[in-house]
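In structure tokens below, several structures.
One chain, chain A, links the two complexes that follow: it is found with chain B in the first and with chain C in the second.
Entry: the complex of A and B
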């Protein structure tokens, strides 16, 4: 694995050539920031902050055709997932989220759709220098220059970008750009460490998550759940825009004699989530649903996969229209008897 | 706004045995955020606030609260719910009463004359959100912002929310108790948002909404926050038949938004919550205000001004106009 420097005057050529590889990068589209395809000749500007829609949407699309069907003997058709992609400018938190979600999709049933997309994607991360107000990655095991889930980590050193190959896939990509890159010296790596520390020091909000997974089962009936969920609208913002939320529903769309089976994002905050055919719902109110959201991330996932399913990106707290603030909930969990 | 008077009134209400809780606002956990706040006892009123950041319409909680089956042998909780309302919010209460969505005997309405609310997103670039919650107050015609320990006068025009620039009813139209003196209604601004759409040709409008609806994430925050979107069994959630597929694409997204807009025609009280909560920045207010405008101008009808009467869509007069129908 190598650490290379990309002088900034080579950036347009670098992204221009990447554009030929099915490139996605953060872009503002009609006022909402998300990963969008980059065409040859497009300018890629990586600014501070993060996308509203996390890059999970590229690996785990909001709606995905599982297969198409039609009446007749050979009426089944599987979608082809065979196009490689490069994701540029993924924040370390969102890349960690991919590594965390991988565990679920690789669990007892290996999900071919997600895993194929994951395998075909090369993730180029961008270390953070200016954390947002609700960033708390360092409270949940991440950091502004964390490498988990990434193939290449990119750090803005001012005059140039440092590009560190982290996986074979990432290294192979770097090797293709040898003509634009120069070997990074020890000073560049030292500078990276320093910048990462400076960025971590700028993180404003934090919560001590130690003990939370152990405490949650004992707080099942605690009044805190009523308190923190009373204002909840039961909408899908916090889950849809969470980089680790991965619940989906499966529906058939049929027109005449043909149709498709597709899966789409689901949200545990919706009233019909886990509603049984009988009409009974084991999570009948927003209290149980909020409790489930927190428990899933901070207890069940830890039990099953040994890691908290939250990367501290702060989107849920940022985007909730009624100020249901994850950091505040976690602090209340810590403070509960 | 005399906060002490408000807290005193609230304490009196929540101390009553026949009151379950009072829904108000409290300071949020960071930045400009304010949170809906459910107060069950008199001690809770200490955190109650009413400031230019209390833009959210709490009337939605009257119908959002789940009504679970009462276990055998238990009595249903028949206690009243008290609610703080601004002018726009109070119209939602009236509309719910007209539609028999809520029972008048079960609601205590505390009216707060509203000098206008702030859209904090208009301020965030100049005065970024801080870890500590910021405070805002009304000062004369303007707003006073306490930001990083500094007191800053923000001119009204710089921060007034769009719905408030267009407001025709700043004083509550229904209340059991009022705190504060009625405010002098201001001249509503020209609705430039609706004007922009009206100036477009039909293909341009289609292109405009195609771009907007394509952004929709189908998180349903607009539906859930809407005080008048309270069907117990929403067609969007129906699976058999599936009226609207959950698939995320322009066609299904449009079906969703048009269904909602038409269901709100003559019912929307223009509180602007749908647009405020949308994480994708879809200008839903323009859609709903256009319908409200048509209803107002063609039928002389404005929903939510009266607790009695017929719902607009349930009334018919032979002389009803139809010129606007394409």
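Entry: the complex of A and C
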């Protein structure tokens, strides 16, 4: 694996050539920052902050076809997932989220749709220099220059970008750009460490997560769940745009004599999510649903996969229309008897 | 070992026989199905207690317990209550029609561990469907077990599933059947009352016995209480849970009861596993 420098004057050529590889990068689309396809000739600008829609949407689309079927036809037609892609400018928290979600989609029954897209994607991360309002990645095992889930880590050194190959896939991509890159010296790597430390020091929000997974089972009936869910509207944004939320619904769509079975994002914050056909609902109110959301991320996932299913990106707190704040919930969990 | 292939693609199966177990708005219909692909017929194997996603293309899928025992070879049986969109579409199917099946999913009753023991099933309504494979399995391997007692009830005699099978089973050596209905009917020769009360009436000894219960949540709650009164240990009591499911393979998220996924960790649980999971009986 190598560490290379990309002088900034080579950036247009670098991204121009990447554009031929089915490139996605952060862009404003309809006023929302998300990963969008980059065409040859497009300018790619990596500014501060993160996308509103996490890059999970490229690996686990909001709606996707599982298979198609038609009346009178034997068998089912599978969608082709065969196009390699490069994701440029993924923040370390969102890449960590992919590594966390990988565990679920690889567990026992492999999910061929997600895993195929994951395999075909090369993830180029961008280390953070300025935290957003509610970033708290350093509280949950991440950091501004964390490499988990990435193939290449990119660090803005001012006059150039440092590009570190982290996986064979990432290294192979870097090898294709040798003509634009120079070997990075020890000073560049030192500068990277220094920048990462400075960025981490700027993160204002934190919570000590030690002991939370162990404490949660004992807080099942604690009044905190009523308190923290009282304002909830059940809109589900905290889950839809969470980079580790992976729950989905499966529905059939039919038009004429043909149809498709598709899956789409679903949310544990919705009543329908767990409602039985009989009308009985094991999680009848937002109190139970909020409790499940926090337990799933901070207890059940830890039980099953050994890691907290939260990367501290702050989206749930940023986007909640009634200002429910995950860090506040976690602090209440810590403070509960 | 990893499960290979695309787990979301169902197999097609043809319904070879179908009949109604009960009548009414929420009637229960039993389907006997055979896979269309001979290779699937060959490779399919399930254990008592497992479930399958059955469905109709264009409508959807539901997780239904496989109500036939692996000892009943050559077909699968499902008993389905007409309740929602998918089950209503399934009820419209007749012999010769196709449905889709994928699975089998979940864990199963530990029938090997239970060898040498007396098996006691306590069912209510459609809850007898997941218990049927254990009943049939034990009946087919009677020499391995110390006896089989079945307690089963429903609201009315018309709501009892597998009536003929109970009558047949009662004739077998080592098998005891106790039936109940909630309110008296003319000519009803068996118990009148709720299943938990019938359990106390029968008053089975916990000695060398495994009790398995399935039915409406309220029934399960009182059956568990009564089994404790009869001195059954938590490890001697089993139940099979259900929750709304979409994928059946531990991905879609919704079927968890606390940290347990009903589809993967269940549906079969001992009371020892569940008693500290508050959501299990929610």
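In the analysis below, the second predicted complex is superposed on the first by the 334 of 337 C-alpha atoms of A that agree within 3 Å, B and C clash if a C-alpha of one lies under 4 Å from a C-alpha of the other, contacts with A are read in each partner's own complex, and residues count from 1 in each chain.
Keep this in mind: a contact is a pair of C-beta atoms (placed from the backbone, for glycine too) under 8 Å apart; a residue touches a chain by one contact, two chains touch by 3 or more.
Here the structure is a predicted model, which is why all the values come from computation and not from measurement.
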Combined model on chain A: chain C and chain B, fit or clash: fit
First, second, both or neither for A:78, with chain B first and chain C second: second
Chain B versus chain C as contact partner of A:147, first or second or both or neither: neither
Partner chain(s) touched by A:50 [first = chain B, second = chain C, both, neither]: neither
Touching partner for A:234 - first (chain B), second (chain C), both, neither: first
First, second, both or neither for A:107, with chain B first and chain C second: second
Chain B versus chain C as contact partner of A:249, first or second or both or neither: both
Which of chain B and chain C A:290 touches, first, second, both or neither: neither
Gap in Å between nearest CA atoms once chain C and chain B share a frame through chain A: 5
Common interface positions of chain A, toward chain B and toward chain C: 249, 251
Residue numbers on chain C that touch chain A, as the complex places them: 2-4, 6-9, 12, 57-61, 83-84, 87, 217, 242-244, 246-247, 249-254, 256-259, 264, 278-279, 282
Of chain A, residues touching chain C in the complex: 66-67, 69, 74, 76, 78, 104-105, 107-112, 217, 220-221, 246-252, 254, 259, 261, 263, 266, 268, 273-278, 280, 282-283, 288, 292, 295-296, 299-300, 303-304
Contacting residues of chain B [partner chain A, same complex]: 28-31, 33-38, 56, 60-61, 64, 66, 68, 128-131, 211-212, 214-215, 217-221, 223-225, 237, 239, 242, 245-249, 276-277, 279-281
Residues of chain A defined as touching chain B within the complex: 29-32, 52-53, 62-63, 133-134, 204-205, 230-231, 233-237, 240-241, 249, 251, 253, 262, 264-265, 267, 270-272, 284-286, 317, 319, 321-325, 327-328
